[in-house]
Amino acid sequence: MKNFGYSIIKQRTIDYDQFDGRLLNEVLEMEPSFKVCLSCGGCTATCSAGDLVSFNVRRMNLLLRRGETIELESEIQKCMLCGKCMLVCPRGINLRNVIMLIKKSIAKYKPINS
Amino acid sequence: MKAEGKIRVWQDYQKEIADDHYFYVRSCIRQNFFPGSEQTFLKILRTELGKDIYENPHHTTCSGIGYHSDVVPFDTIQTIVARQFALMTEAGYKNLAASCITSFGIYNEIIETWKEFPSELEKVRNFLKSATGREFEVPQNVAHASDIVYKFRDDIAARKKFSLINQHTGEPLKIVEHIGCHYSKMFPSKGVGGAEFPHVLVGMIESWGGEVIDYPERRHCCGFGFRQYLVMSNRGYSVSNSRKKFESMEPYIPDAILCNCPGCPMFLDRWQYVIEEMEGKTFGENGAGIPVLTYEEMAGLVLGYDPWDLGLQMHQTNVEPLLNKIGIQYNPELKYAGKDGKMIGKPMMVGCGW
Amino acid sequence: METTPFILPFTIGLLFISCFLVIIIGIWISSLSRIDKSRIIHSILTKKSWFAIREIVMESLLHRKIFRKNPVLGYMHMSLAFGWFLLIVVGHIEACNHYQTFSVPAYMAIFMRYFVTEPSTTLSGKILSASMDLLLLFVLSGVVLAYYKRANSRLFGMKKTTQLKLGDRIALISLWLIFPLRFLAESVSAGIHHNGSIISHPTGELLASIFPVHSFEMPLWWAYSGALGLFFFALPVSRYMHIPVEVVLIFLRNYGIKVQKRIGGYSRIQVYSCSRCGICLDSCQMSHAAIKDTQSVYILKHIRNKNLTDEKLFNCLLCGRCQPDCPVGLELNNLRITQRIESTKEYNSSYEYLKNGKIAVSPQTEVIYFAGCMTHLTPAIIKSVKEIFAVAGVKYWFMDEEKTACCGRPLMQVGQYEAAKKLIEHNRMQILSSGVKKIVVSCPICYKVFNEDYALPGIRVMHHSEYLLELMADKRLPINKLPLRVVYHDPCELGRGSSIYHQPRLLLDEYVELIPIKNEKKTALCCGGSLANIKIQMNERNQIRDTALDEYLAYQPDLLATACPLCKKTFTKSNKLPIHDIAEIVYMAILNKMDIEINISTQIEKANADKNLRF
Amino acid sequence: MKHIVIIGGGIAGIETACALTDAGHWVTVIEKDSQLGGKLNNWSYLFPDFTPTEKITVELQAKCRDKDFSILTSTEISTILRKDGKFNIETSSDQKLEADAVVVATGYELFDAHRKEEYGYKIYDHVITSADLEELLKPGGDLTVAAGKYPKRIAFVHCVGSRDEKSGNHYCSKVCCITGVKQAIELKMRLPDAEIFCFYMDLRMYGKHFEELYREAQEKYDIQFIRGRLSEASEKIDKSLLIKSEDTLSGRPLKMNVDLMVLLVGMEAGKGTANAAKACGIGCEESGFLKTTDTFLKSNFSEQEGIFLAGSCTAPMSVNDTILHARSAAMEVKHWLSKR
């Protein structure tokens, strides 16, 4: 393959048609309260881990819903599970279970992903 | 796709195109990329249609590429454009015909600016006067050369030697139309058919017997984007733009791509070759590339002009599959023969998918 | 000695179960850690063994704890366990006495009434056979109660009873049959041979006068032996494994062995020691939210059956209410946590980012104040603590004022011990590097982990209720009793979790009128907000909370005091009663005393007006 | 007996007419269509509780029968002249009416989705508006798309023709958010296997039970909400649509293929209202809706004394709000007449 001094850039677009919903479906099935997220960001604002490192809990929802598993896996490691987010959530989402479910599901699907 | 819906949109965007006496301004880059095109345009207008079209040897670049690359300030480009208008005024013409889409966009942008801010016009008149002593009138009608071909598409069809029909199947050729961004995306009303469903090339294709492909990424830019190309390390952005379009049109198995901009045919043509070299991927039928033509070249083919006189040997993606489908006879031996019969030299790089 | 084929089912069963128990208990004990093994070796010839034997008698045989909880249930268990035990012992003595030898095979003792056809002639023989008859009657009374309990468990004060699997069913049926069959077989034999004792003799004569007892004798003895054999074979797959395993457990527990947050021999012994009596169901508040399948008894059963799901494992508040009630004294919370560690071991976070963070340098102060994550959502607690410190002139460093890592306990509660270690290490270094010798914590969740897992030598960890009490005792705080009737809610992590029951009460006694309530201290209710449960839904938490609140409201307090930001946050949501942390109450009282503009009575009037509106 | 002419026979007109008739006035309703009811006739079920529209229309019809007021259908007004404190009204069918007061209740028109060319309404096969969908949701409506299959993935596009400088409408049409949620639920009930996405800019659940319905859409019906305005749609070779938007919460462009796209078209004042304004000599706001003299206390008063305004000719309104606004218009008219 020839090298012309530049490379063809991979698209940044989220291609929803390539989305693998297994992870999402499993998490939503086990924790349906996660469906009602409003993306208000209260969780992120109160997050203890967010004080120490760039970490956005609200984005976990989006990463999961857009199939960004690789980023999700590295991001979700940052959560300390302190539970403040749950006390703030206006929709009463059981976020700690969501985090644990995502971790578990990622561990489960890891051989397939990698 | 509902035809009546598109026709309704086209009706909303009908522009006035002068029908004779044009002052022609050339494109800087087309003369190098596809040198036969502008020549063919003049030939068709003068000999086939008997129109009066004048070009002044003193006209210059509109400096649009410099302007869009942030090296030419607005005052400067306004003055340069004013000088073109002065040449036109001096020659007694009122209808501007631009070969280049970037220039066409620039002329429209500047004329619209002058309408909104008359003080700018006065300022530019002073600049031009003090720099060159020239005076000018704003053109009455600004058309892109493709507008003019669109206007006379049926006259050309009446003289056609070939139709855009696949000789082997009898089916209309499936053609992708691609307008330059600055043709109507800045001012939808300045382009025939507007920006969403432009009609300028569609009209030509349908009039000459072909069928238009409407593929999802039809709106997308070819990827030229001035700075994306001018800086070598940025060219990846440019290629990936084009690739997005190719991927989107691929399922329709197009026979050709038709363009009305200097940059688009250059990049849609050249990047097909590059993508094949870099990734081994081609997008046309039977592993070949998709031939990319300018509207003048297409008109020339329809009128029976010799493909090599049209400059089709300058294309990096080989056009022979298209010529074969249309049923145009050509001598492969003469592909790289110059006017005087001497070989002009074969390109080192072999065309896409050939 | 005589023999007959019907002893085979019993003898084979006995042989099987003996071998099985020796092997399985051997495996479990051999898989104990080296420290635990040395504990056994060093304790076996000490008083600890004696204590163990005494406990076995008191609990495994006499079922003292169940007796205390419910006398009828206690009698049932005692009659079965102790009665059967005595049947075996006295039966052997009787056989030894009869054959005048010390080595009598087990079957000879068990089936003696079949082999001995003449009436006992000696006085000792007569007494022994009479006691055997009475003992059997004693056991049968327990069996009758057991039949009745199956049919109607309410009599025993238990709201629920556990469900059975096939192995249990077989074991249960055979157990139920053993004693009636023995009674019938012995009576029939007595009827035939006109012997027997005070009960078997008249019963046998009666039967002989009605039925052709000769043809019944062999089938009955066969059935009796078969029931015994069946019971022995079903034992390993039934809950009755607890009978032999509990004995081992009591010894090991007395030797100081504890559940080690990993699945091993001792955790298995604990699991097998569960008799599934179901007493833990009664104290579990999950049932207030209609969650009825995640209680400890089910978890231990699922562990045994290897079908435990995360949905059940993690659907527990770990409030620990069930633990003091367990008659076997199982470490129910630790067993569950062990299982949680196992379930989540594959995805513990490493918190690499903590390594990059700078460790804050603290000023040299009297104490460190650590509010905790949750407390930052109840700023009134922080404000009160700060103000009280100001009044008492306490110089402190507010360690997590801006930011800090979580204490790690919430991770531990869901089994992420490895991950928690990283947070613990991070915080620990901060505390140690400060050189301060006292750390005051506002959140009981943090308090427990600081105390138990932080390894802070020379540093005293105190909950603010302890520290405020100390300040008061040192006369650094003004005292002012407010005319408020207060119910104190023990936070799980502070009360059952850390045994801090008295300090908050002593403190409150000085500032308000504390109302004693039924469920307090060890039996205190959970607020329902516990972080340990990650499966429970918000509406279910609310139900648990409301049931607890209703109980408190019955005492008509002016306000509810607690000592945990999470409890406060949980209760506050209900809006039924004013809720305050101890620190807030102390601060209010001090302010009131110091004549600072605060109208407590207005607040209380308002609170009461609100209450009246609602009720 | 005073005579009041009401221009427009939609819910606002009928409700005002009924209230004024009850108050003992003689009322004439002028309706340009052949029947009363206005836009309500095109709707099947109403948010937020899925009340069948019929229930409302049947009650309104019954009201019209019971009350004694004149109705001129298929009629438009040509001129209104004020003379001696009376209004002389001439209609398109050359009738002449004399009125003591006039109520303008000309309502709204739906945004013509064809103006958002980039969405391809009436160009692509499977792009429809919320009004079209309402028709399809009636019993027996055909929801199949290409090749007779039911759509597997459906997108709702919020704010089409609202809050959009490019459409010339800066205002919010208020009802489209909740309409989208309602229709998404209805579609999901009809097509349980379909994935449904709502592309929104903001979700404005201002009314009673609106927020609850939104939550229900997420919780029970798995409707997914993506915050981002659709930039364009293109038709693919299989007649499905490739749509593009930014997922603004991810901060990344997003594209997906959908089988059906529903445009939640907003409200515009429309020609009827513009004509009435012209005939009455009353002013319009920049939005085209009729100007009221005061936002709070005089929301039924036009700039011309004796000409009153009712319903969505003044601003986008839900059915509920329209009924209330119409009743308040009737009260204002009654009060004004009593003072004369």
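We just call them A, B, C and D in the order they show up, numbering each chain from 1.
Simple rule for what comes next: contacts are C-beta pairs under 8 Å (C-beta built on N, C-alpha and C of every residue); 3 or more make two chains touch, one makes a residue touch a chain.
Keep in mind the model is a prediction, meaning the values are calculated, not measured.
*Asks:* When you take the mean of every protein CA atom shown, which chain's own CA mean is nearest to it?
*Replies:* A
*Asks:* Can you check which chain pair, A-B or A-D, has more C-beta pairs in contact?
*Replies:* Pair with more contacting C-beta pairs, A-B versus A-D: A-D.
*Asks:* Distance-wise, how many Å sit between the C-alpha centres of subunit A and subunit B, to the nearest whole number?
*Replies:* Centre-to-centre distance between subunit A and subunit B: 46 Å.
*Asks:* Between subunit A and subunit D, what's the gap in Å when you average each chain's C-alpha atoms?
*Replies:* A distance of 39 Å separates the two centres.
*Asks:* When the centre of a chain is set as the mean of its C-alpha atoms, what distance in Å lies between subunit A and subunit C?
*Replies:* Comparing mean C-alpha positions, subunit C is 38 Å from subunit A.
*Asks:* So, what's the distance in Å between the C-alpha centres of subunit D and subunit B?
*Replies:* That gives a centre separation of 46 Å.
*Asks:* Could you check subunit C for residues that touch two or more other chains and list them?
*Replies:* If we look for residues of subunit C contacting two or more partner chains, we find none.
*Asks:* Write out the stretch or stretches of subunit A touching subunit C in their complex.
*Replies:* So the residues of subunit A in touch with subunit C come to 30, 33, 46, 48-49, 51-53, 77-84, 87-88, 92, 94, 96-97, 100, 103-104, 106-107.
*Asks:* Considering the complex alone, what residue numbers of subunit A touch subunit D?
*Replies:* 12-17, 28, 32, 35-37, 39, 58-59, 62-63, 65-66, 91
*Asks:* Which bits of subunit D are touching subunit B when the two form their complex?
*Replies:* Interface residues on subunit D, with respect to subunit B: 114, 117-118, 120-125, 232, 234-237, 239, 242.
*Asks:* Quick check: in the complex, which residue numbers of subunit C touch subunit A?
*Replies:* Against subunit A, subunit C makes touches at 310-311, 314, 344, 346-347, 349-351, 353-354, 357, 373-374, 376-377, 402-406, 408, 410-411, 414, 416, 423, 531, 534-539, 566, 569.
*Asks:* Give the list of subunit B residues in touch with subunit D in this complex.
*Replies:* 1-2, 4-6, 8-9, 194, 196-197, 214-219, 248, 251-252
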